[in-house]
Structures are given as C-alpha cells and as structure tokens.
Amino acid sequence: MAMTEALSMELVERIGGSVDKVGAEERAAALSKRSIKKDSKLWALDLAVRCIDLTTLEGQDTPGKVRQMASKAIRPDPGDPTIPSVAAVCVYPRLVSVAKEAVKGSSVKVASVATGFPSGQMAADLRVEEIRRAIADGADEIDNVISRGALLAGDEQAIFDEVVVAKEACGDVHLKVIIEAGELATYDRVRRASLIAMAAGADVIKTSTGKISPASTLPFCLVMAEAIRDFQHETGRKVGLKVAGGIRSSKDAIRYLVIVNETLGDDWLDPDMFRIGASSLLNDLLMQIHKQRTGIYADPDRYTQD
Amino acid sequence: MAKWEYSPAPESTDVVDVKSSYDLFIGGTWVAPVSGQYMKTINPATEEVLSDIPVAGEQDVDEAVKAARAASKPWQRLDGSERAKYIFRIARVIQERAREIAVLESMNGGKPIKESRDIDVPLSAAHFFYYAGWADKLQYAFPGMKVKPLGVAAQVIPWNFPLLMLAWKIAPALATGNTVILKPAETTPLTALLFAEICQQIDLPPGVVNIITGAGETGAALVAHPDVNKVAFTGSTEVGRAIQKSIAGSGKRLSLELGGKAANIVFEDAAMDQAIEGVVNGIFFNQGHVCCAGSRLLIQESIAEAFVEKLKRRLGTLRLGDPLDKNTDIGAINSREQLDKIRRLVGIGEQEGAEMYQAPCDIPERGYWFPPTIFTGVSQSHRIAQEEIFGPVLSIMTFRTPEEAVEKANNTPYGLSAGVWTEKGSRILWMADHLKAGVVWANTFNRFDPSSPFGGFKESGFGREGGLHGLEPYVALTP
Amino acid sequence: MSRVEVRKTYKLYLGGDFPRSESGRSYEVLKPQGTFLANAVRASRKDVRDAVVAARKAQPNWASATAYNRGQVLYRIAEMMETRRPELASEVAAAEGKRGSDKQIDTAIDTFVWYAGLADKLSQIAGGLNPVAGPYFNLTVPEPTGVVGIVAPESPSLAGVVARIAPALCGGNATVVLASEAHPLPSIALAECLATADVPGGVVNILTGHKDELVPILASHGDVDAIDITGVEDSAIADTEIAAAGNIKRVIRAEGSPSPTEAIAFMEFKTVWHPKGT
C-alpha cells in the first residue's frame, strides 16, 4: 500500500504527549459555560441536526424499526421542510441492507458498527469479514471498535495493526474508530489511543460505543479534539471526530460543538468532520429549534418517537 | 469571519441599583464627607460615569478611626462564637446577592462577568465562611500561646479584585476580634460600598466595619493615623514600601501583599494543552491585573518553538470585549492610567528588541482595552522581564536545565508566585523547594482558596492571607 | 615571680574565620566598674558587606541541610558551650559582673538545646495540608527567610544574643549579628564555640562595633532579607525601620522565651498546589 510510509507507530511516538486530568476537566468545564444564545444558538441547533448519526444498536432492532428511523433521519420534522436531514443512520451490520434501501435517494448515509461491536472481542479474520460484509451490503461508513483489552495489556502495536487492516478492508469507505474512552480510564490513554487510530489510518475517531458508562464526556471530546489538532499539525491530515453515547439534550450537543469550535475551528463544524451519535437528541433539537424560532416551548408529542 | 459567531450574551444590569452618589460608611451609618469632596467612578468598558464617590479627608479618616475604636472593646468582649455568627451571616448574604455583586464588580472594574460570577464572588463568600469558623477556635490555631486581637485595623486594597481583596482583609480581622476601616481602591469603590450595605443588613454592630473611599491621600492618612494598631495593604511594591516607611517606629503591625513577576516554567515533558491553558490563565486572567500573574514564561528550549506556536493559536480563540458578556474572556483594562502604563512598557519592550505578537481581535471604540500580547526573544535584562506590567502581556524566555530555570525564575526582587509544568513528580518537588515564591502552582496556576495561605517572599511583601496562617497578622501572641 | 598572662585579641567572626576589621579600628570595652577591659574590633561598613556576602553564600546549604542535621549542629553548639563554660562564665562576669553570670550561661546553653530539638518539628508545627475546595493537593511549609541581620540586645551579653541567633538558625537562616556594643566579648567567645561546633562558616557572622554606625548599614542592605531590631535603641527604631523598608525587610523583635513563634518569625510560608488526578 502506498500509504505505509505514513502509517507507523513512530508517528504516535513523535506526537506523544500526556494529559493532566484536572486541567483537562477544568478546561472542558470552562468551555461548557459558554452562553450560546439567539442566532448563534439556532445555527448550532441546525448544525447539530446535520451532524447526527441517528442510531439504533439494540438486540430488539428489527427492519421495521430501522425503516422508521431512516424516515426520521431523512425528514426529522415532517411538518417543517426547513429542518435538514441528519448525517447518517447507524445500525448493526445485519440491518445495513434494510437501512440502505430506506435512505435511498436521500443524502443520509448508512453507517454500520463492526468488528465485534461493542466489546471488540472478536478474532482478527472475523473482524475484517464483518467489515467486508457491511460494505457489501451498502454501508457508507464503518464504526469499528478497537480491542481495548489489547491496549490495556500494553499491546499498542496490535491496535495499530488492527486499524490498518480495517482501513484496508474499508478502502474508500469512511472508517470511524471507536476507542471506547470510558474503558481506557485515563486521559493519557485516550490521547494515546486516538493517536494510534489516526496514525493507522482512521478517518474519524469516536469516543464510545454508548454501551458502557461513562460514554461520551466533554473532557473526552476535548482530549480527542486536541489529539486531532496535533495530528493535523504534524501530518497535515484532518481527521474527523464523533461523540456518541448519552448525549440527549440540545444543551449538551451545543457544549460539544463549542469544544470542537474552540479546539479545532471552522473546518470541523461540518457533518463531514464532526458527528454526534444519538437517538433521542434529535427530538430535543427540534423542540429547541421551535422554541428559538417562535419563543414558545414545544409539546414533545408533536415530535415523532421513532 | 468565523463560521459560528457567538451572539452577544450580556448579563442583565437590572439586578444592580447604582446610586448617583454615595456617602462614607462610618459607625454603621452613611455620613457625608466632611471634606465635601467627591470623585467620579466610571465603567472602564464604556467610560460612562456610574456614581459620585466621596473623598475622605483627614477629618473623615479620624471619624472612621474613632468609630472603629469605639466599637473595638465591645467587639473584643463578644464571645468568639457570637462574632462567628455575624461573619457567617456576611458569607450568606454575599451568596444571596451573588448575581448583583458580580454584575456590579464587572461594571465598575471591567473584569469579565464569568470571572466575577465564578471566582471573585464565590471565593469572597467562602473566605468569610472560612474565617467565621475560626472566631471561636483561635486557641487551637496557636497552641500554647495567648491570643489577643490587635485592636483597630487600617486596610487598603487594590482595584484588581475589589470584593475578594476586601474579603481577604476583613474576614480574618473580624474573626480575630479586630475592628476595621477599609479603603477600597480609587477606581473600584462600588462593591465595597455595597458590602457596607450588607453589614447593615446583617446587623453588624456599628463601627466594627467602616468603609471610607478616596484616593492615595486618603489611604496615606488612614495608615498614618496614630490610633491605628494594624496596617494591612495590598498593592504595588512602591506604595507598600512607602507605607512601611511611613509607619516606621510607630509599633503598628504591618502586613503587605505587593507586586510580583512570576515565572511560569514549562518543561519539555509537560502536559502540553494543560500547560498552554495554565499559561493563558496565568497571564490573561483578569486582563493580567493580578499580582501573582505568570507574567514571565520560561520554556525549555527543546519545545519553545512548538509551544509558542500553540500558544499563539490559543490566543486567537480568546474573546475580548464587553465584560458583562458571559462569553468574554478578556475584559476592559481597569483605568486610563493603567492602560497608559501597559502601553508604555509594551513600547519599551519593542524598543529593547523583543518580538511582539498580539492576538487579532476587535477593540471596542470606547473604553480601555489592550489585546492579549506576548513577547518572544526576551532576555532577562529587558525591562519587560523585570517590571510588573499588570496587564495582559507575557514575556517569553527559554531555559535548558532545571537549575537554569530556577536561577532565572528567582532572579527578581519579587517572590510572590511561580508555576511549574512537568509530568515528573520528583522534579516538581525539587523545583518547589528551590523557587523563592510564597505560592508555587505545579501543573496549575492562579488557584485560590480560603484555606490556602497566600503571600510573598522578598519584595512581594510579608504576612499571609488565607488559611490558619492568615490569622497571625491580626493577633498578638504571648507565651 | 608571677607570670605575665597571655591576653586574648578579640576579633570578628566572619565566614568562619576570625579576621580583624579591614578598617584596623578598635574601641575600648569597659568593665562594670568603668575601667578598661579590652579592645574590641570596631567593624566597618565593609565588614558588614563582607559578612552579608559570607552569609548569603552559606545560607542555601544550611537551609538544605536536613532539619535533623541542623538540630544536631545546634545541639553541638550547646555541647561546646558546656565544655567552655568556665571561659564563657568569666567573659560574662568580666562584662556584666559575677552576679547572675552562671544563670546566664545556663540559659544560653539551654536555649540552644531547646531549639536543637525544635528544628525538625517546625514544619509540622507551622505547616500542613490545607483542605482546599477542589481536586488539589495543597501544602504549606515554612522556609527560612534567608539572610537575617540581628542586632543583639545590650544585655544580657551572652543569653541575649543566643536568644536571637538560635531561633534564626533553627529554621535555616544565615545571620549577620551585631553584638552588644557595651559587652561584645561574650559574643566573640560564643563565636569560638560556634567555630568548633560544626556550624558551617558564614552561617553565623558576628561583628562588634558601634551600633549607630553599623545598624543603618545592616538595615538598609539590599541583600539582607530580615532584620531583628531587638537590640536597637528605641530612639533609633524609626530610622532603622525606614531603612529596612528599602527592600521590604521583615522587621523582627524578640517576644519572649523560646517558642516556635520566635523561630517562625524568621521564616516565610510557601504554599504548593498540585492537582490530584489519574
């Protein structure tokens, strides 16, 4: 592969760096106090809708559920054509073909989790196979989990190799690498895992599966955004960021956007570079947009529960 | 133009009731100044006049000292536990009126509302709460010693943290049984006058706290008054020195919290983003109007270039403007005089050959403003590396070894604070041992707490404020 | 035939050595009854300068010695004084009369023993952990102020100067001492004890001479961090304090018998913050 030269753990070593927990959390807390009002709030709410990966990752998922969700993704508010579509729907591999069919003709992409989601405890050959099948079924994006166990055991090279292989399997399909920050426990490791994923070719790094607590937090987002910024500085390559898990309110979504804005800047205020994996968040955004435009608090029942 | 411009988010001024003019607060009541003189206090962000403030003359000072003296005996005789309750009450009312005080502080001083709201006001309340608890426990603070109050304390405070400095002065003084006359800074009297209202609201016995306003002459008359037992001053080393001279031989107890030129020392193994935040916080917090500001940055040579680049980028995200806007990071410079001083020293920095970088930002048309500024290529002998600028101006130097960092950091007549950034624990402790500074922040900067003693070495003053150690400047101890 | 005794030349104690004044001057020291006792060195401005240089040079090592080690050195001083007790007693008696001289020696020696035992307790007595509201480790420790000028009281000639030197040394300061002007000789005898008691050269420097000449120099010296004015005449205190303000010197005065407070008066407090995180 032509990229092999750029793909190396040496890059991770070169960028390196550590994170002070208290300082990082204080910075995230300080940014979370930004007061986003009026037009700037409306702009942010609209952007947040556009950045959503509308997600369902449950044992109960059925083709019917996925079709309903896809419909919501395309037209979040049937009564209001000014509301944009979300970025993507995110489903288990088995449901990719259903989702693909359901979003046909829209801008909404299909993302599939893969590689033994959510634990990542899957044999190497099966990981690749899962990615290939999802892509064959029509996935535009792959949300790949890393083997946190290997990382915690100190085998960084294994993670690196795993992501390289995943990216090879993806080809032009967008690869999002879930580092599952909550399981890595320290910000030092969150940064390290972010750098390894990027160095190995990830198009996007993602906070979490949403299956463990803590899932996404503001400091995780900050630390990962800083890693992305440093990686770009070193290599010139812009890597995307996805936050996922537990983001339910507009207020939270705006806080993430503030961190991205003040850490990474304009280029990341775009669905190509930033995603929010969520489900119930979308309705809250719609309600807030309504409130912001009309000054009247909305009735939750006005919005479809898909 | 950025993609996402935050809309203005100004804190409402409705909660604040600024009177068109004020009187002096002496003996528990408001009295017009015998001097008959008034001065205007303004909003430095708009240059709007907010109010007329009395200028206390010698006679007014004398009245205030008399009131404090008259209140002294009964206040000393009051049980510590009762004194405590008054001080607790003060803490509570500051919390109750937090929003109003924060807005007023930002209007009168120019500091960002997020700082007055999240730092100045809560810390002030906490300071009273902390010292209230000491009032009936002084014997445990100084085991084996007899503890007595000094009597009447004259306290003169600066304009950078008007209410917080008031709290640092008044809380320990009252807890130890002293009565006080406090003079707020010439440019920022309003929250001190609001504090006088609080003293009335909580039924503090008349004369225990007296607030007199004025400029330098009022302060000089106050500290020189023969019936004052204790002088506490926070401000410039120049004025501190003058006060120390002026009360020489008087037997008055003195504590001074003066200037600084703190070094923030960043090692190559530091947690970089937090170090950047610490450096930014160190020098741009409160527009750099901070005696313990990290106004000198010492970076290890191996990372200097990358660090400065990162720092410049971070400067670009600082938001300068309306202090009342909740998103403002850098507010207004406190006064025309201070702005002139900053400009003068920055001009000298350029003349001396240091390289200046200023973050691009829009400067409002009215009011006093200075953009975040850093100087690279600074050497130890440059005036901007030696003199306290007291503004948002950072002088950057490099070092190669820990020994060199310590030598450069200590190479100043000041010794108030220092910062150390490294992930190596033993190096932190070694540095902390060798830095001549009253406060060493390691992997953090500009943190304050009522229980944490604050104060300087060398020409940064003597005596501590905060913590158990903050009681000592207000008591007479005998074996 | 009676033997002609060998009299002692009293010199300064400076940087661990016993030099004469660079100025070559001396002054007469009298017995209690007013007759000639001996000549003492009349130190000059330059002797003060040299003493401050010696103290500044010696101070960091003295401060960085372990507190246990400093305590042992202070105890060693007491041992040396006990050994030389007859000599000290005769110096004090010659200066101030026999009456009370023994008691004075007791006090002086016991003062060093007291502070010897305090050296490694000071940080625990005067410092500690502060419970700040946040995820921070916050510690306050006392540190020596640095170079301290001590104007010893005129009397008691030995116990007076010891009461000021011992607490200053205890915390790790180096000292420049102006001895009792009227009774300087016991201070020089003390210096001879110090010189044999493992006190590093320069940690204590003792000058004899005229206070009205030397105090202003010491008080205004820019490289002296604190001045103990216990032995400054009342009429000279204001001027001394004015001179001290030049570099914001700490002005210290004896408050009483040995106590931690006396030692802490010669110290600064340093507070160190560090975040607590993973």
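Lettered A, B and C in written order, each chain numbered from 1.
Assume contacts are C-beta pairs under 8 Å (C-beta built on N, C-alpha and C of every residue); 3 or more make two chains touch, one makes a residue touch a chain.
Keep in mind that what you see is a predicted model, and the values were worked out from it rather than measured.
J.: Most C-beta contact pairs, which chains?
T.: B-C
J.: Farthest chain from chain B, going by mean C-alpha coordinates, please.
T.: A
J.: Measure off the straight-line distance from the CA centroid of chain A to the CA centroid of chain B, and report it in whole Å.
T.: 44
J.: For chain A and chain C, let me know how many angstrom lie between their CA-based centres, rounded off.
T.: The separation of the two C-alpha centroids amounts to 69 Å.
J.: On a C-alpha centroid basis, what's the spacing between chain B and chain C, in Å?
T.: 36
J.: Specify, in ascending order, the residues of chain B that touch 2 or more different other chains.
T.: Counting only residues that touch two or more other chains, chain B contributes 443-444.
J.: Two or more other chains in contact with one residue: find those residues in chain A.
T.: 20, 22-23
J.: In chain C, which residues are in touch with two or more of the other chains?
T.: Only 136, 275 qualify.
J.: Can you list the chain B residues touching chain C in their complex?
T.: The contact residues of chain B facing chain C are 126, 142, 144-145, 237, 240-242, 244-245, 247-250, 256, 258, 413, 428, 432-433, 437-444, 447, 449, 451-455, 457-462, 464, 467-469, 477-479.
J.: In their shared complex, at which residues does chain C touch chain B?
T.: Answer in residue numbers: 64, 128, 130-134, 136, 138, 140, 145, 225, 237-242, 244-248, 250, 255-257, 259, 261, 268-275.
J.: Over in the complex, which chain A residues touch chain B? Could you list them?
T.: 17-20, 22-24, 26-27, 33-41, 43-44, 47, 226, 257, 261-262, 265-266, 269
J.: Which stretch or stretches of chain C touch chain A in the complex?
T.: For chain C paired with chain A, touching residues are 135-136, 275-278.
J.: Flag every residue of chain B that touches chain A in the complex, lowest number first.
T.: The touching residues are 2-9, 114, 118, 269, 271-274, 277-278, 317, 326-327, 423, 443-444.
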